[in-house]
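Dropping the structure in here first, questions after.
First chain written, first letter: the chains are A, B and C, and each begins at residue 1.
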Amino acid sequence: MAHAPVAARPRVGVVKFASCDGCQLTLLDLEDELLSVVDHFDIVDFPEATSARSAGPYDVLFVEGSVSEPAHLERIVELRRRTRFLVTIGACATAGGIQALRNWGDHDAFRAGVYSNPEWISSLARSTPISEHVTVDAELRGCPIDPHQLVELLTALTTGRRAQLRDESVCMECKRRGVVCVMVSKGIPCLGQVTQTGCGAICPRFGRGCYGCFGPREQANAAGLTRHLQMAGDRPREEIGRLFAGFTAYSEPFRSMVTELGGARTARGATTTAAGPAPRGGKA
Amino acid sequence: MPVTRSPRGGRPTIEGPGFLARADLQFLFDLLREDGRRLIGPTVADGAIIYDDISSVDELPRGWGDEQSPGRYRLRRRGDEQLFGYVVGPTAWKKWTFPALIPLTRSSHDGHKVSFEPEQTPPPKLAFLGVRACEIAALAVQDRVLIGSEFIDPDYMVRRANVMVVAVQCTTSASTCFCTSMGTGPEVTQGYDLLLTELDAGFLVDAGTPAGRLLLDRLPLRAASSAEQYGVAATVAAVRARIGDPIPADGLHDRLLAQLDHPRWAQVAERCITCGNCTLACPTCFCTTLSQTTDMSGLTALASRSWDSCFSPGFAKVAGGSFRARPRDRYRQWLTHKFATWWDQFGTSGCVGCGRCITWCPVGIDVRDELNAIAPPVPLSPESRLVEPVAATPNDFVTARVVNTKAETADTTTLTLTGVDPAFSHGSTGQFAMVALPGFPPLPISISRFLPDGIELTIRGAGPATKAMCALQLGDQVGLRGPLGNNWPLDRAVGRDLVIVTGGIGLAPLRPVLHAIVADRRRFGDVKLFYGARTPADLLYRDELDRWAKRDGIEVSLTVDRAGPDWAGRVGIVTHLFDQAAWDGTNMIAFVCGPERMMQATSTTLAGRGVSASRIHVTLERHMECGIGLCGHCQMGKYFVCRDGPVFSIAQLGDTFGREGI
Amino acid sequence: MQDHGSLVAVLNSTWFASGLEPGIQTRLAELSRTFTAEAGQELFREGDESEVFGVVIKGRVALRTLVPERGDFTILTVEPGDVYGWSAVVPPYRSTSTAVAIETLEAITFEGPALRAALREDAALAQALYPRILVAVARRLTATRVQLMDLFAAEEVRSW
């Protein structure tokens, strides 16, 4: 990750591609730090927060959302050209998002099945992360991103140090907080072992398995986890594949697991009935 | 609620363990809280028995037990009212003595000057209720690591000093426990202020410190009956028996460090997710990381310390990359540190055998299996490893062919035999064969070397039969029965210092032992060979002796009974090679072979050097005609030397050894 | 010039003289001196008047005897810590074997007559030293017996 520009009050923009807005909202949710943020940063373009507009140049640009339609392709390149430090925020921007599940399917069949006039719907066959199109300087993962990590990144930008974003498993956070492992004590499949930490182990804290919204961590041994899940219970391959087919399905090695095991069901031909999302069956 | 009067109303102090009725346990809670202590103890939450703040006996896991296996933990109903009928859960006491996150240093700068202020966190006074033997050992390990050397952790020191330990002796075990192997339990013998052991009607209570004594004196106890004390001892003994000895830990340090290139590391790395659960569940792991929190101006900062794990890819990273880039490197780092190099660093094992890393590994990797696969002990029961002898009836022999003869000395020849039954090649050091030539009585000869396709026999031509064997030529055949007898317990020498004392032809049965040691030298400590012969010309295997001394790290000391003027070595008796030596034999094991008088003098001298009788092994020679315990000739006391020996420990032989006329 | 302090330390490092009371050690140091010999140097001959009692510090002394039909035999070697020349303190004060330094020898030696005189006059010295000499000689005696038994000889010896 490149170090921050040493600008007195960096010009900041926040832009959106195919996303739900939740990650941008995290910036606005920084209640305690908001004044400090505004003090240190000059927010020049942030449609959700201000009517000010700027076409750049940006010292820091936060990009939310995945590249999902043809117009995005050119737009992201343009934005990159005008940005010194580009930060992708959220699972959509960093991994392609939940919408990337269509990447395993027949996009045209989906479109025809859902919309009566598919020719009016302009979308790409695949939803892809920003990093597939331009160089990214930093990324904040999560769905949505974690406010503490956001503050950490902003502080790193203002102080000129490296942002401390840990590359370890969610398990470490569970253990530090004294959360009882749901996989060991209840047999609930949990992706925390292969997922990057940052969320504070929210889902296990509430007794459910992690579904990997922060994406696979470095050297994630998804194959090893798969093998264990297969041998430990009588789970059909597809059920295990569906564990990986979540918000960050399109990142490796989750992507390979989904491809190999199945889990992102392809549409059964083009019909007039909606090809809905694959039902999440089986035991949790 | 404060206790307003001493429940025992001024009765005299009890000597020895006391008995606390079940209904009176709450008194202990109340006393501790009255003393201003926060009570931490076991309670059920989120499907497990964790440690947390508790204030009443009702919060204890009454009637709950646990079932643990690799990657699996389940609570179960015991069907009784036991309050401590389980073992350790996911929480370790280090959560309070060495918390997961603490502030360390506040710092600030104004652009030029900087200031650093260490954080002082005043910890509360705590009482740990329900500390198991393995956990006491874990506290001691962390004491050694964090406050037991020239650099101390002040935060740990203060927290640790404010803890009162109320230990509980385990009355059950989980399938993941292995405290016995690590020497930490299940008996609680030290490290506690108060010790409780649960019986049906209540608790046996004992104090371990003056503070514990003061507390005990305020409890409504009566003296424990001998039946109750026996009950406790029997229960704990049953726990020990149930756990067994899953990891033979003797010499594990050396065994493990000798296997850094074992293929199993790569195999376990395929299963391991490097998630770090094992290290954070472990009560002795102490690696931490620093993180900095600043405000946006960056003028003030807080450095905090949190638990880290050597399994994280970034743990060993420097600017150029990570020193332990592969998962297999990190798994190996953890296992070798915990079970081997921790000894070198801190003088103890890093593992206390609590089994948490086994239960809480989400993919169920079991360190016991890994250790036994990577660094197995040489089998502990030689009998189970001995190969089936061939021609094991009094009337049969198999044949073998001479492919080499070497005159070792004027009267001793080594024959190399091939075409032997493969059983011989799989024989064990110390075993012998009955060797037969038609028309001559079969004789027991020690196998002096094991080869992939044959054996060597070193024979001294002392009589007609042996002279005939020494005269065999290339291509001649000979009859064999075997391999017979038991072997030198080389497994017991792993990780220890070994003394080998031989005289004359006695070196022949020990020669395969030396070969085995040299093949795996690092598994053994100091190895000394003391060898005496009649004259320099009678020394066997001269070039091997030379090699062992110069190249293979064996300390070889020779002596002869007499010599000519061209001998510059020692002249004297074998025992004089070590009777005045400075070494302490308490941790040594000895193998002795030679004329019986020499073996007797040697054992006496070794005993004088501190070697225990069970660790001195001799090999006996008796008149043998069948080699399989059917002809009756080789009896000695209760033993048949051919079948129960020929290798015995002095302890086994007792005073039959050296006694005339046995 | 001999330094008594270092002599005491050296004596203390041998099993023969270690652990003696400081007074005795000092007395011994006064009576003794250091001695070195090259490899192959003869220290005394069998049958000669025994002039020297020595404690080996470093090296090895071979005790030899001549058997006319068979030649010179080394019957014992004296290792560091052990003594040679005990004949110097036992009548008739004649060497019972020939002593040759096999390797470069460093020893602490006592002059026979002077040591005998000191043992006669100084009861405390005698009380401390004679038991030690006895132990050294007894050790040698048991060794000789074992060597005599010729344990490593061929088994079927029918000489009695």
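Couple of notes before you dig in:
Everything that follows uses one rule, which is that contacts are C-beta pairs under 8 Å (C-beta built on N, C-alpha and C of every residue); 3 or more make two chains touch, one makes a residue touch a chain.
Given the structure is predicted, the values throughout are model-derived calculations rather than measurements.
Here the two chains linked by the largest count of contacting C-beta pairs are A-B. Put simply, the chain farthest from chain A by mean CA position is C.
Distance between chain A and chain B, defined via averaged C-alpha coordinates, is recorded as 49 Å. Mean C-alpha position of chain A lies 89 Å from that of chain C. With touch defined as above, chain C holds no residue shared between interfaces to two or more other chains. The residues of chain B never reach two or more other chains; the list is empty.
Residues of chain A in contact with two or more other chains: none. If you check the complex, the residues on chain C that touch chain B are 15, 60, 62-64, 71-77, 79, 81-82, 102-103, 139, 142-143, 146-147, 149-156.
For chain B in complex with chain A, the touching residues are 45-48, 50, 71-74, 90-91, 95, 100-101, 270-277, 280-281, 291-298, 306-309, 312-314, 327, 359-364. For chain B in complex with chain C, the touching residues are 411, 460-463, 503-505, 532-534, 538, 559, 561-565, 567-573, 576, 579-580, 594-595, 597-598, 601.
Contacts from chain A toward chain B in the complex involve residues 33, 36-37, 39-40, 152, 154-155, 158-161, 164, 166-169, 171-172, 175-181, 183-187, 190, 192-194, 207, 217-221, 223-225, 227-228, 232.
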